[in-house]
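The same subunit A turns up in both complexes below, where it pairs with subunit B and then with subunit C.
This part shows the complex of A and B:
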């Protein structure tokens, strides 16, 4: 549940979601659920030449299982908080 | 495991209108019906008129004119869905979906899916659903979201059968019936000496347990490989 809790903190921020099929979509994180399904708003495709048809997409639901990476805004990363959270997770707490 | 898009023609008439046959036994329910929707598969021309059915498990489109025509895709195979309104991307506002296919490595641009004029639905990676009334898009999007969330990845089950030994009887059958990897050596070794049969059996069970662990390790490797 670590990532779920963590991603929830990032709601409203800009993230880039990279899918396993290499498509990368940048947008405002609207919501995330326990399966790490991700809803983005005001999205744009990072590689627009490769995926021109995705230009227009305003809101987008991405299935958690197809996400490869989520690129976070640097200012959204609280290293201390993450340290604590990962330690707790490692202890199974 | 990923099914992709498929043909779907199983209909049942209810109150004078067609509905797709659902897997009610496994709890599948119809969540939303949207009439007057055309469907666009890959780069193909739109097909219409038709009706869109959204169930708790899948998205079904049935032609209104040709009872033998219809498509379905499970939510498990829908990688993403979105509302598309930019006329540059597509002439009509639509629900845009990407479909995960068996062979995602070779990105299909719509042309691979057609071979000698025969459409291979399982290679379709994009599907657009165009309602005649664009005002329905947002509510359709929400229904899609709701149903997608009802379909998390199934927990991977162990597919391999294990021939684990659960009782001494089984052990005896296995030991006598098959050419096992281990054999009783001529020189008595630990556990097989002095006719101490019980001790020997205990050690044999241990060895077989070791094999079991080897299997488990192999399986982990296979699972790792499958994820990419």
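This part shows the complex of A and C:
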């Protein structure tokens, strides 16, 4: 549940989601769920030329299972907090 | 399970806000399906009404009608809402009939196969 909570904190931020098929999409994180499915708003594809069919997609749902990376804004990462939360979780709550 | 209210739906990751809209569904094998979202569940299994496959080869494209499709969730990569009134594809792309796109698709496939087999024969040269 840790990363679910973590991503929830990032709602409203601009992120880049790279998929396992190499498609990279940048957009505002609208919501995330327990499977780490992601909804993005105001999306644009990083390599627009290569994916012309994505031109008119502004909002999208991405299935959690196909995500490779989520690139976050540096100020959105509090490593210290994540570290503490991990230890807490490992101790069993 | 209870149905979320309109406001919850709007803020959640659920596909409910896409119901009855025209969507682009990207599949794991690279296919692109267009259609109206009529139903879905927690696995992202979806039902598309009036589905068609959009085949793109270079600057040519074609929408091949398929009918009513039930897509198993595991094959779904992305579901995109198509903005209404906006050009769906760049203006330099041309709509061609199904027969022509099938030909172009085959030509492209043959070219990749040829490249693959040439590479195989040249493997002893050890490029990369």
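The rule is short, and it goes like this: the second predicted complex is superposed on the first by the 92 of 93 C-alpha atoms of A that agree within 3 Å, B and C clash if a C-alpha of one lies under 4 Å from a C-alpha of the other, contacts with A are read in each partner's own complex, and residues count from 1 in each chain.
Just so it is clear, contacts are C-beta pairs under 8 Å (C-beta built on N, C-alpha and C of every residue); 3 or more make two chains touch, one makes a residue touch a chain.
All of these numbers come straight from a predicted model, not from anything done at the bench.
Upon superposition of the two complexes on subunit A, a steric clash is found between subunit B and subunit C.
Applying the stated contact rule after C-alpha superposition, one finds that A:32 touches subunit C and leaves subunit B untouched.
In the superposed model, A:83 lies in contact with neither subunit B nor subunit C. Of the two partner chains placed around the shared chain by superposition, neither subunit B nor subunit C is touched by A:13.
Applying the stated contact rule after C-alpha superposition, one finds that A:65 touches each of subunit B and subunit C. Shared interface residues of subunit A, touching subunit B in one complex and subunit C in the other, are 19, 21, 23, 25, 33, 37, 39, 43, 52-63, 65-66. Chain contact summary for the complex, subunit A toward subunit C: residues 19, 21, 23, 25, 30-33, 37-39, 43, 52-63, 65-66. Interface of subunit B with subunit A (complex): residues 78-90, 96, 98, 100, 104, 107, 126, 141, 144-145, 148-149, 152-153. Per the touch definition, subunit C reaches subunit A in the complex via residues 11-15, 18, 24, 26, 28, 30, 32, 44, 54, 56, 73-74, 76-83, 86-90, 93. Residues 19-23, 25, 33, 35, 37, 39, 43, 52-66 of subunit A touch subunit B in their complex.
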